[in-house]
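Below, subunit A partners subunit B and then partners subunit C, in two separate complexes.
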Partner chain A sequence: MNRTKGDEEEYWNSSKFKAFTFDDEDDELSQLKESKRAVNSLRDFVDDDDDDDDLERVSWSGEPVGRRTRPGSFQSLSDALSDTPAKSYAPELGRPKGEYRDYSNDWSPSDTVRRLRKGKVCSLERFRSLQDKLQLLEEAVSMHDGNVITAVLIFLKRTLSKEILFRELEVRQVALRHLIHFLKEIGDQKLLLDLFRFLDRTEELALTHYREHLNIQDPEKRKEFLKTCIGLPFSAEDSAHIQDHYTLLERQIIIEANDRHLESAGQTEIFRKHPRKASILNMPLVTTLFYSCFYHYTEAEGTFSSPVNLKKTFKIPEKQYVLTALAARAKLRAWHDVDALFTTKNWLGYTKKRAPIGFHRVVEILHKNSAPVQILQEYVNLVEDVDTKLNLATKFRCHDVVIDTCRDLKDRQQLLAYRSKVDKGSAEEEKIDAVLSSSQIRWKN
Partner chain B sequence: MRYIANLVNADKMAGRTRKYKVIFSPQKFYACEMVLEEEGIYGDVSCDEWAFSLLPLDVDLLSMELPEFFRDYFLEGDQCWINTVAQALHLLSTLYGPFPNCYGIGRCAKMSHELWRKLEEEEDGETKGRRPEIGHVFLLDRDVDFVTALCSQVVYEGLVDDTFRVKCGSVDFGPEVTSSDKSLKVLLNAEDKVFNEIRNEHFSNVFGFLSQKARNLQAQYDRRRGMDIKQMKNFVSQELKGLKQEHRLLSLHIGACESIMKKKTKQDFQELIKTEHALLEGFSIRESTNYIEEHIDRQVSPIESLRLMCLLSITENGLIPKDYRSLKTQYLQSYGPEHLLTFSNLRRAGLLTEQAPGDTLTAMESKVSKLVTDKAAGKITDAFSSLAKRSNFRAISKKLNLIPRVDGEYDLKVPRDMAYVFSGAYVPLSCRIIEQVLERQSWQGLDEVVRLLNCSELAFTDMTKEDKASSESLRLILVVFLGGCTFSEISALRFLGREKGYRFIFLTTAVTNSVRLMEAMSEVKA
Partner chain C sequence: MAAHLSYGRVNLNVLREAVRRELREFLDKCAGSKAIVWDEYLTGPFGLIAQYSLLKEHEVEKMFTLKGSRLPAADVKNIIFVARPRLELMDIIAENVLSEDRRGPARDFHILFVPRRSLLCEQRLKDLGVLGSFIHREEYSLDLIPFDGDLLSMESEGAFKECYLESDQTSLYHAAKGLMTLQALYGTIPQIFGKGECARQVANMMIRMKREFTGSQNSIFPVFDNLLLLDRNVDLLTPLATQLTYEGLIDEIYGIQNSYVKLPPEKFAPKKQGDGGKDLPTEAKKLQLNSAEELYAEIRDKNFNAVGSVLSKKAKVISAAFEERHNAKTVGEIKQFVSQLPHMQAARGSLANHTSIAELIKDVTTSEDFFDKLTVEQEFMSGIDTDKVNSYIEDCIAQKHPLIKVLRIVCLQSVCNSGLKQKVLDYYKREILQTYGYEHILTLYNLEKAGLLKPQTGGRNTYPTVRKTLRLWMDDVNEQNPTDISYVYSGYAPLSVRLAQLLSRPGWRSIEEVLRILPGPHFEERQPLPTGLQKKRQPGENRVTLIFFLGGVTFAEIAALRFLSQLEDGGTEYVIATTKLINGASWIESLMEKPF
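What follows is the complex of A and B.
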């Protein structure tokens, strides 16, 4: 046994530890004959006493001493030694035989905790009374070492009913946190849920239950599991999110099955031209919407896979819808669809273009999808903020827009600068020259 | 543990007898032992501990390589690593003498310090009478300053970490950086002479510096044209190797810069930084919120969107309920409904919260008050006060002058304060705290700041009367970041060191950045 110097001093100086051994041949004993004599003289006081519990029997090296006779039956021992033939077999009323402690390990809670921090082997079994257990826990918490706190909690979990354990931890926040983390780490879902139920932490209860879905791979099973999550005590907003999660997966399963069928049948053009790269299962809503706008754009509201249906079911805001639809149609280079997204008819029957997301955003997406310059130009023109418009037009080389805007701004310098960037002898160069030489414009610079 | 148990049990079932050894680093936890026992393999495996606690990543940087520290402590409240920290401090103090002055702020700092002191007491005599080599130790909890950790980094080293992800002091540069078809793993520390000169520089200076260096290098190469045989021989044997080395490093870093530039332009980095600065300074909050909303709608990046929301939350004392609901819904729609769990984590850690209307607070109060018993009264108020924790960033920012007032342009080439690490917009809070405490050699005059940081009772000084401390050692400061530290903070403190004549040594549980922080909080496996 390895002990630090400090521990040893304490051990020997503590009155709790009295040592004797029947083995007189032990050399180390000879050094402490005095104590041995003192101890042996106490033997008579020791029998059947309530103080028995405090008396520990160890050898000098601290190892438990193998007993040849039981301490409580000194009567029989002295009988045996005195060679009395009479032996008593009648049952004696006394302490349970198992209760005589014949091994060392009587560290105090603070010593025990110190040993635990060092990673030493330490049996906690002797902390049997609730008071002792709680004292041990308190020592562990004041030591601050989470590993020790968890070690004590492992012991408490094993030796206390969960009701008692929960009740005591309810008012001990640090220990409670450690228990919760420990249960999470070892995956004791059941006890964790019981704990949250006991603590009336309804939201955490719901979230812990919900978290399980991440471990279910099969889509049908996951869907069924999500259904069970719907009635859980989430907050009002979260309940709606859970409901949406379930509904989304439900739809995705239907769409996936249907589309896989269509794809393999090979009759549908869109799937032939753009084969699917991945399944739609477990994708976020926006991704699902993109997919729907890509593969099922023209479908009526009635089908599960139509974009409009998704929009309605999940209350997707207009902004998000337009953005996603634009991205999908632009990818397919379906410029007419893009047009239609932004065209509205006013009450006089005139068409007008508007966008809930800002036309600069539209232009960027179109450019990303290599839209032809004419299309790009049209939308750049619609950008409201003049500086942004000019920047984008210059960046994407929409000559007409640049020229027209510079003219409107009466900014000659800007136009001249742009002229140096265009191709020599091109139509745009001509146009610039024409504008520059126009006498009708009162340039500001 | 269960994985190991499954392997062993599978072998047992198949009748294979093998010897198994499990090596725990840095230490074995009792919970692990329990699982081994539970799975019936306790006797079949032998366990060793490799008490590896400190990895020197550089001449002034020690890492404990415990990235899990952040989540374990700041999300789950598990104190399992506090002993590890205390051991590391103990190791350092046995090597470098007692530390005469010790400061700290934060609950974890306090606990680590207490446990460390206990360790020192138990094994005393080892440091008594030694000359201290390090004059000051400063312990800081990560949650004292989340803002700095969430910002985009613009010093070269930080940018490399944000872009390429530095692991244990080295980075994997892909083909686009190495200009070849191979990837290269490069060690980034003071040994790399080129790196060492640019690491703390603001990115705007780096390119210019590297091109200048490239020109110098070319000039040196060109010298060989005018050489005779003897000179050439000398050149080849003495200088060429060094030049080649420098050339290799230069081209690597230039490649890295180009790669960074490309990525940042694509991401519209300019706009992003503008939004961050607005949040830090407290202007155009509505616009910033709209920017974040758009960022989410466009599905740009789940981690980036989250980070921006957290920055908004912390600088503004929580999102207004309308924004919180709307941004959360949009986030779940864009990145997946399972992130409901991520939001719950962020809320618990105090990174993304909702501004509490008066009612909510009183409801919590009555619920918690039911649990109060005499014995645990103190502990409950502790727990409760963490619920009611407000961020107070703006007040702190004002008090500590974190947003420099600039007349004219902020010169990034010749920085005049630590704010240069964020382009002059913001002095890292953590660094400012360290600066102030070191100046005062105490927390005097900082009471209000400490209160605003929710650290009343958690800021401490521990000075031992140490006559032997030389003036040299008093200039050496060990800064301990509990929960991680960023390269920006390191650069800022190196600058402070040069300014004030200090030398800083950094000990961190792990090097971190905004991406790692967000990933730690994300519940969803990628």
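What follows is the complex of A and C.
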């Protein structure tokens, strides 16, 4: 294993392995710099093991650590940042040589591309004719090296008119895709839009334009920008969403100005009791609806901030509306509003409870907002499916519902089981005992 | 040496050493004391190949992360920027250089691009007037980084997006380069198989690079028998499902970055007597996860439901070992016991850590929501109710669960139905945009372009055919003692791994029909070897296949491949390479649009 350096040179230079010792000067032949380096570096690491072992036992912070068995003590590179002990070394006098430049005027497009690929500095300016330029591009594309393709594209972009550039790239799809990626990366929005227009890629054109709003912070400016997006060639479905996006921000700006004023004036109870945590600008529609149900619940439909108005303008489905209103009113513990939300009157004037989202969902939301047991109980009772009802009642400790349901189901065993869960000597326990001892019930078990 | 890299069939330390050498060579070019300014993203991957001691040996005295304005003071001769070739980083570097120039004594600046130099970036540096300040501008081709004895990754976060959204080939080119480096170290791979558009392109690039390289013959005896190139978009389904192996779940819940995981510290508080609960750690517990840890290597690829029993068995073994001390009577016996102590203590520490992690994971997997989500996923994957609006998804949106979670499961439904009915798709889209914000139109468009969330076209759902032919859904799955790869998702056998399995036996000819349904061409190429290098396999000797996932691979897929490698009559051992280690969440996130 411990071959000496000399032996090794011989080993690698012996005729059998000759092919693997590359000569650094002879770089025209060696296209694969990395592979070459990798192979050359194979030379002596084989004997490296021993001293490397020592290196490994030191963590990034320079502390010796155990190996293998203590994985937690390895520190990553990021842990070592900026706390490395300083140590001074004698300054090195020799200055390393910078990269040399070399030019030649008679390189073919293919030579030039090869040189670019190796990271050599190379002037493209001498390629004047369109034919030369295109050949350069084709050479680059055939190499598959995105870096070189982009370099050539930058040159073409600078030296060709837009029309010609687009026309030629339209028939060269790989190069075209690289140009699009490149334009996105440098943020040349204008040229990108021109390109999509030229290619008649209308949906991408629209989305690319729309995307820019993400970079506009000022709400007024953002709103104006969104206005310019309406009518762009989005898909039919998306068009409606874009319109809604604009309308929503427009609303939010009005509501925000109004409410900020109300809040700072300090005259309105709701804002005094529940100061706003954040501005409503740029919030999603459902969040805006929640906000409106929280602060502006009773407003007439005519105002921009009223929930009913939002519901109509954005065609919010009934389910979504009820869910959001319920959450907002429950948070304010406005149980009366909650009640009203599920009360419907038929044409005879009878009232009936109805929940488009299902009462089990209502109960969950009420519980999440820590509604008192009496309120919870009322809605648990409205759950239609008996098993779900019993589960919810047990989960939220609505004793009366559990007891009554077990009684109705004539399920003595379950009632007995529940008895063990309630507090000793409580009213619930008494009630359970009364039911259990009733002679009028014919228990099924 | 990182010993765990050499445990596998292929010694990946050879690769690690090669890249370490290249790094040392570069450092030595910049003679004198140095400070390194790191692109923060690179510190993780670099940590896997070099530790600070190596840098210190080469006179690196300070390290900083790349940040705007000016550099912290450092009394060094050289300042080396190590950065990915990205324009926004060039702007920061230029700012650093300019402010340093004003500060006083001249320094030597260098820049090391990882993994490739970029003419575009150099142009930017030139425009900012600093290009001439750099003495060395080089590239460090850290294409494939060894993560474990059988695992390599390029850790290129944008690869999937570049390949399948932008159709930009740059990361494919890097993949091909990485494969050439591997071949230079481990010999020419005689057979290349592939499925997918990107796979085809990588194979083409490799063949071209080899042709250009005719100046010399690779005379290393080939270690790999086959290369299988697989496009991620051939199997969009697998990463969307929740991984159910131990390692997969750690990644799903806490996110494994460059083989490290950060965990909530509470469970790891030292339990010492008289501590009185004081000094609870507040900083996240950071652990490295790889096969260097014996216990982890044993449990990481198991279904999570099989982990508990292993841990409790280990606990018994370890306490029995500690009990041995009572039996040690003679000096010799005591000496013997003491010499084993460090190993035993390490094993106990490792067991304690994994017991804590398993507890943390169990809290999640036993939650109601996890169960509901898994039920829906499994329904979709087995083909139930994929064509209508799902009430669990509706609930998630109504309760404003994280958007990525919602998108992931909607995409799963779409993929399992070969696209959603237009009405269903429109409904989901509307709900998502109204709840999470209209700007997500951009993300939805990306998902559609990538084929993850799209309307059904042609009116035919091909997934059932694929599922049945490839046996992607297995009803009777044994999580404890698995007999099939489907254990990694408790029923679903990852499509990608099934393709690899069928390729090795009986060959793809048997599934031509399904291969035609899946996107992209499938192909086979041979790279002829000189007769002296042709392998004569011993009877019973396994083939070694390098499987390269273009666009990312999950830990569950890796586990499934390791399961196949370990099968007694499997015939094939796998080494896995990828552009990035992903899970459903990180994958979807890479496709989301953010401000510039």
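As a convention for this text, the second predicted complex is superposed on the first by the 332 of 445 C-alpha atoms of A that agree within 3 Å, B and C clash if a C-alpha of one lies under 4 Å from a C-alpha of the other, contacts with A are read in each partner's own complex, and residues count from 1 in each chain.
Methods note: a contact is a pair of C-beta atoms (placed from the backbone, for glycine too) under 8 Å apart; a residue touches a chain by one contact, two chains touch by 3 or more.
Computed from a predicted structure; not experimentally measured.
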| item | value |
| --- | --- |
| Subunit B versus subunit C as contact partner of A:Val174, first or second or both or neither | both |
| Which superposed partner A:Trp107 touches (first subunit B, second subunit C, both, neither) | neither |
| Subunit A residues touched - subunit C or subunit B, whichever exceeds | C |
| First (subunit B), second (subunit C), both or neither touched by A:Asn215 | second |
| Which of subunit B and subunit C A:Phe396 touches, first, second, both or neither | neither |
| Shared subunit A surface residues [contacts with subunit B and with subunit C] | 116, 119, 143-148, 150-151, 154, 174, 177-178, 180-182, 184-187, 203, 207, 210-211, 213-214, 237-238, 241-242, 244-245, 248, 282-286, 314, 316, 320, 323, 357 |
| Residue ranges of subunit B touching subunit A (in the complex, touch as defined) | 2, 27-31, 34-35, 49, 72, 76-83, 111-112, 114-115, 118, 122-123, 294, 297-299, 325, 328-330, 332-338, 340-341, 344, 367, 371-373, 375-376, 379-380, 382-383, 523-525 |
| List of subunit C residues in touch with subunit A within their complex | 1-4, 14, 17-22, 25, 29-33, 38, 40, 43-44, 46-47, 51-54, 56-57, 59-65, 72, 75, 77, 85, 87, 108, 116-120, 123, 135-139, 141, 143, 162, 166-170, 172-173, 176-177, 180-181, 183-185, 201, 204-205, 208-209, 212-213, 215-217, 219, 258, 260, 285-290, 292-294, 296, 342-343, 346-347, 349-350, 353, 398, 400, 426, 429-431, 433-439, 441-442, 445, 593-596 |
| Subunit C partner contacts - residues on subunit A that touch it in the complex | 16-17, 19-20, 22, 29-39, 41-42, 45, 48-49, 52-53, 55-56, 58-62, 66-72, 74, 76-78, 80-82, 84-89, 91-92, 94-96, 98-99, 116, 119, 142-148, 150-151, 154, 174, 177-178, 180-182, 184-187, 203, 207, 210-211, 213-215, 237-238, 241-242, 244-245, 248, 282-286, 314, 316, 320, 323, 357 |
| Residues on subunit A engaged by subunit B in the complex (per definition of touch) | 4, 6, 114, 116-117, 119, 143-151, 154, 170-174, 177-178, 180-182, 184-187, 200, 203, 207, 210-211, 213-214, 237-238, 241-242, 244-245, 248, 282-287, 314, 316-317, 319-320, 323, 357, 361 |
